[in-house]
Amino acid sequence: MGTRATVAIREPSLGPVFGTKGGAAGGGRAQVLPMEEINLHFTGDIHAVTAANNLIAAILDAHVFHGNELRIDTTRVMLPRCEDMNDRELRNIVVGLGGPKHGVPREDGFIITAASEVMAILCLAEGIADLKERLARAVVAFDREEKPVTVRDLYVHGAAAVLLRDALMPNLVQTIEGTPAIVHGGPFANIAHGTNTILADRLALGTSEVVVTEAGFGSDLGAEKFVDLVYRSSGIAPAAAVLVASVRALKHHGGARRKDLTVENLAALEAGFANLDAHLGILQTLGLPAVVAVNRFASDTDREIDSVLGHCEDRGAPAAAHTFHADGGEGGDELARAVHDAATRGDATVRPVYRDQDPFEEKVAKVATGIYGAGEVKYDAAALEDLERLRSAGLGDLPVCIAKTQLSLSDDESLRGAPKGWTLEVRGVRPSAGAGFLVVLAGDIVRMPLF
Amino acid sequence: MGTRATVAIREPSLGPVFGTKGGAAGGGRAQVLPMEEINLHFTGDIHAVTAANNLIAAILDAHVFHGNELRIDTTRVMLPRCEDMNDRELRNIVVGLGGPKHGVPREDGFIITAASEVMAILCLAEGIADLKERLARAVVAFDREEKPVTVRDLYVHGAAAVLLRDALMPNLVQTIEGTPAIVHGGPFANIAHGTNTILADRLALGTSEVVVTEAGFGSDLGAEKFVDLVYRSSGIAPAAAVLVASVRALKHHGGARRKDLTVENLAALEAGFANLDAHLGILQTLGLPAVVAVNRFASDTDREIDSVLGHCEDRGAPAAAHTFHADGGEGGDELARAVHDAATRGDATVRPVYRDQDPFEEKVAKVATGIYGAGEVKYDAAALEDLERLRSAGLGDLPVCIAKTQLSLSDDESLRGAPKGWTLEVRGVRPSAGAGFLVVLAGDIVRMPLF
Amino acid sequence: MGTRATVAIREPSLGPVFGTKGGAAGGGRAQVLPMEEINLHFTGDIHAVTAANNLIAAILDAHVFHGNELRIDTTRVMLPRCEDMNDRELRNIVVGLGGPKHGVPREDGFIITAASEVMAILCLAEGIADLKERLARAVVAFDREEKPVTVRDLYVHGAAAVLLRDALMPNLVQTIEGTPAIVHGGPFANIAHGTNTILADRLALGTSEVVVTEAGFGSDLGAEKFVDLVYRSSGIAPAAAVLVASVRALKHHGGARRKDLTVENLAALEAGFANLDAHLGILQTLGLPAVVAVNRFASDTDREIDSVLGHCEDRGAPAAAHTFHADGGEGGDELARAVHDAATRGDATVRPVYRDQDPFEEKVAKVATGIYGAGEVKYDAAALEDLERLRSAGLGDLPVCIAKTQLSLSDDESLRGAPKGWTLEVRGVRPSAGAGFLVVLAGDIVRMPLF
Amino acid sequence: MGTRATVAIREPSLGPVFGTKGGAAGGGRAQVLPMEEINLHFTGDIHAVTAANNLIAAILDAHVFHGNELRIDTTRVMLPRCEDMNDRELRNIVVGLGGPKHGVPREDGFIITAASEVMAILCLAEGIADLKERLARAVVAFDREEKPVTVRDLYVHGAAAVLLRDALMPNLVQTIEGTPAIVHGGPFANIAHGTNTILADRLALGTSEVVVTEAGFGSDLGAEKFVDLVYRSSGIAPAAAVLVASVRALKHHGGARRKDLTVENLAALEAGFANLDAHLGILQTLGLPAVVAVNRFASDTDREIDSVLGHCEDRGAPAAAHTFHADGGEGGDELARAVHDAATRGDATVRPVYRDQDPFEEKVAKVATGIYGAGEVKYDAAALEDLERLRSAGLGDLPVCIAKTQLSLSDDESLRGAPKGWTLEVRGVRPSAGAGFLVVLAGDIVRMPLF
């Protein structure tokens, strides 16, 4: 377990990255991409996901407009439109206004493409046939008898799959030192399942001794989801986990104010170890040997770095500071060796948090209390209604993908460190039958961010 | 005047087309694209336009949400969101619902990306600096004092230009015979200005003796708009026009029923010549020598083809039937020669339909009566209000880009042949200050198509 | 023709009015009402109309919600909700939001109760049975096959009639001098048909020698509508018309500014005679002998009053100034005698403006040109679509009730005096099948006023 | 405690009731009203409340439209529009659509007039001055700094009070036996505070030895609210409570099916005594001596009636069956005597459930557990946000008016008998600062009923 080439991809300060888009299907296309292109449209995969998702949505509404043979209940449409933009204004909208020629009025909303089920499907698909089949069984709505309506019923899974044909091919790039890296798929780990495509992992596994892949945000989000969703779906078992830490983040969790994070503060740092320890505990629960990677910033002092490394030693966790972002491969030799050791030692015994047959509430409770440190789980009335409908539709037993803030181990971004005894508040449950899980909306999370 | 490599690009039945995306900025990137990619996401230019447009829209709403310092009147927002999808349901929507955290309620709508001002700007820009400047002056809304608010006021023109950086580079592809073709930009000629990018034209003009570029749909739309908008903006003057005709279309305009179009019907064909003649007349009015290209279909009979060619000869217009789509270059030798002759003979004297200083109503009237054959122009009250506001904002004198159906010379798709004496009904006027024209909505036209 | 006890009812400056609500149905109820009660809720008739209208609307939506057996097209609902309040915010709304339990989303709007078809029905009904039958045939929507759906189809005409049972009884009040007056029904003459109930007229005609009834606003509105709608429906033929004029209004129509209306200005007054003459012409066209009643204000000078009376004499129209509002019956002896003479002389030959069998456009054109002084009539596309649907439903031949501004003889409130050659702009047509006419929306008129 | 002349007013089967509307302001108006008028518009009081409420709403939106000097946050408007109609479709709406002339878009909703704060104010006002003052301090919205905006800020409390001037006067009617009864005010006890006007009570108390007034629905709703809201506000302390029971309702609470309620079933009846006992316990908690009034239906058997009376005797509660509805005063002689005894014995010690200074959550918890029998109280996130805003506005300490279903002692209508250990779910809190309490929305309750 670790990061999907995070350093190279997500840090614009790194400077130019050159990569090659791996030829597929005999095409042999090759691109040299400056860094900005990864941060802008890259190979257009996210736009393709947007297009596939919105095609399904448009066909659904066209079906309703042209007589609604499937008797879709337009107050229970489950597939929101999406776009790759932070656009708060589109979260809750009314569409189809303007009179008889312009559609059928209903409530809808946009989510960010990274949170769409089509993105999740792209990332979990084992190939084009599986992609198409997963699209086909995605639930887009309920009908007036509360039965699920799928993409297959709309007969648009083929067209949607065609729109994703290229996007399904992993993208090979290289770092400025020439190290190959695959950048493919973009679900966020707070509002979605947060990991790379399975095809990219398989491609990397077939060509490398060790593959380092990203599971987004903290171990509560990315690591839990990798184990409970990706490993459960694909059988790809991580051999170890790289836990990324920084002095600044630990001081934040130890109570320091944002503007003071660049000032040495050993007391706050030590207070923040509770957060680091909680993440180490989560990885232990998941059965993954951990290596702590300390991102070293210019403002960090030696005493601070030593304090973190010393704490890890006390906890028995291998750890190393690194400066990959400033010095390239040279900057992380020790870390790389530690990760290689952990990944090849064979100590991992991957343990999903819950079993397939656990009832929905038990699945959620096990993640909430066993991973997040919650005291209990509370369901809003709307969530209970969602759940009942999903159960009637035979979808109640799917694994759970909990959407919650990444700023705290809890569902409340103001709680720092390692909060205990708090209540996870569940406000809604959405089907992702094609991806193969239920999305559980917790706390204040919304699936469309904002500027 | 002619077509932007239409045959190669828009006919999926043509079979595989291989092309090369021209290297820019030293990158030297090259792609071999199967035909489907042109019809799917291609190089992602349209998605980039969507992203740039929707970034501006999202920033506008975020500005309003965060206190609305510019005092934007949210009932007078001029920049709709867009997507590259036929989605009737998004034509008229209410956004920003859901309470205080989720935006500010207002009416909005999506148009198809091809009809967006950002697409027009991309196609008319002379380079990246001009692109950015045109984006900056695009009018996104009016404020509470009815003054225009621009993209520059929102300070998002730079970011939008960055999103369009790659899209601005022309895309070079080749036909299956190896002929180079540039495919770049996608405004529709019915709901937008309908022509290729100026950068693509300049690139082609710098490397070829004769450039054939598409001006979409009939001469009433594409040709008039090329002359009045593209030529006026860029100074690129066409040397001749290729008027594409088909036996089937002429029989349709002569009154034949759709299901009978494959049956020989000389009477209907001759009745349809009125439409052909009207187009020849329009090209004459615009000062462009015309060559008639007769697309030959398998169901056309020799007598029908001969009848069309004979009619053209009577009219003094060079004409040739061709089978490019079935036989490649071989299929159109005679046509190619005729176009080359016309283009190099130097007979053109390009004549815009109206002058810059003509009042708005006169501009519209000259196009309506002089090109379309209308008897008069009628303005709905909403259109008059739009116009008054645009005039107060100092935008009343821009050239006009009339959006109307492509299925008739009139604004009513049920009128075939060469209708006369009808009334052009203007229902709205929208600013495209960055593109440099006013969009005039006529008849039933909507800028978001449907399934 | 004249005013429905206007002086007593509509002028709060008159001071207390005491009246008696006439006992009906054996009840013998009697109320002494201070003036304010007439201006506030009075006997609640308007509230009853609101309740009956909104009951029908609620039942329509409940029908749709519970399966929509009638296949109502919710984008073509013809019966708006109403309230007796100036509430701009409710003109255009979206209802039925909030999810599956809370209705079916659709566009709707409120109009002011005075403009509702139920109000028109109350005013035109000949009794409780006729009221119920008219309610039953009111068209509330079109179904998906574009056939009309009526209140009878919803089976709610009986319940709506019960809500109107008391409201149907005329209300008898008295002036401070003890003169009986009937106050009953409240359609405005600009946005509705503008006259008293027929039952009130019949009650008065059965008990008095001469009945003076109000037809609201100018002769272009109230008088035309009385003749073309009330007389056509009831056969009640006016014997004469009282044309109410004032020096201030004439100076306004002669070009004086609002703030200068209390200053003597004979030139403006004379310029304003064109408006008075136009009204006299209208009454002549309608076949009604006219008496001009000059409302005398404190700021009017003798020279101004004399000028008006002199002008009337020149025109051959009997005229008298009066001060009813200040002096009671004493203040208008001469006027009363003139009206009595005109009403009993038998000179009237009532002439409707159009015939039942005239096509819709001819009906509108005859009123527009023959009464209002328009040059022509123009239809917006929306109005033409409305008309086509109404014709398909067999409702195209009903008389027309044109809704337009009361501030000008034209449909544009800025045109004073007697404008000629302008164009009446028709923007919509609404069925009032129960009332027995089509409402024609002209110019900027909206049926929900504002604060 | 008892019923506000329920028998006479709410039972249409009773036959004609004749009453007299008490003369006020020297007018001496008198009406003889048939029974139906009470059930239809009666004296129009509810329509007046509707008008006053909607006037405030219209003025609020007009204020926003005309520049919004008060900086009202239109996403936090607290005063919904209302109408006296069951209209599900109006629960959640978007208003102000249609462009710049037609208002400012925002989310709104209608509630039924009985649930409006204006209705509560009318019922709690001690006179016209207090009415006006309470209207003035009603909170209609929050501004952009989250400060409360009141009716006084809009300067419309005077106009609203004028609209309620007549409605404030109690309505005196009489039963068919000539017994005077006052019918005045109409809040429902489930979605509002549920009791008669205080003015009516004072009028009755000033003219009678014993006043029987209604507190709607069960003792959990009407009785608790009378003690905690009406007694707290007015000081009017009940001397005793009449608990209305019926064999049918008890069998329902004992588990019998609806269609079997007319069949003798002593087992179900006895099982249902748990519900009766719970109500007796509530009245004891409130400090009110109880008399059980058993409404005798034709289908009740003697054994059933005897069983109920016997149970009451065992519990030490005076009880009597009656047939007022069939036999008039004769039918309830024993009951009347029992009520008189209880009311005049002086045993009452009225005990509010909570103290003014109890924090909000404690007030709710005391009612939920002490009166309803809940195990705990749960707050949805939305409710917590509401509460925080109300506290910031200084409104957090007001008494609480809990809106919940009347079909169960719990907030879940499916729980019969005397459920224990369930959780009261709070979903929202609304200010009624003019009425002097906070409305707490519990369970599935909505304040606009449906057909």
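General observations
A, B, C and D label the chains in the order they appear, each numbered from 1.
As a convention for this text, a residue touches a chain if its C-beta (ideal position, glycine included) is under 8 Å from a C-beta of that chain, and two chains touch if they have at least 3 such contacts.
Only a predicted model underlies this, so the values are computations on that prediction, with no experimental measurement involved.
The chains that touch chain A as well as chain C are B, D.
More contacting C-beta pairs link the chains of B-D than the other of the two pairs B-D and B-C. For the pair chain C and chain D, the distance between C-alpha centroids works out to 41 Å. Note: centroid distance chain B to chain C, computed from Cα atoms, is 50 Å.
Chain geometry summary: the mean Cα position of chain B and that of chain D are 65 Å apart.
Of all residues in chain B, those that touch two or more other chains are 94, 96-98, 104, 107. Partner chain C is touched in their complex by these residues of chain B: 94, 378, 380-381, 425, 427, 444.
Here chain D touches chain B in the complex through residues 73-76, 94, 96-100, 104-107, going by the rule given at the top. Interface of chain B with chain A (complex): residues 27-32, 34, 36-37, 40-41, 44, 47-48, 50-51, 54-55, 57-59, 61-62, 65, 81, 83-98, 102-104, 107-108, 162-163, 165-166, 446, 450-451.
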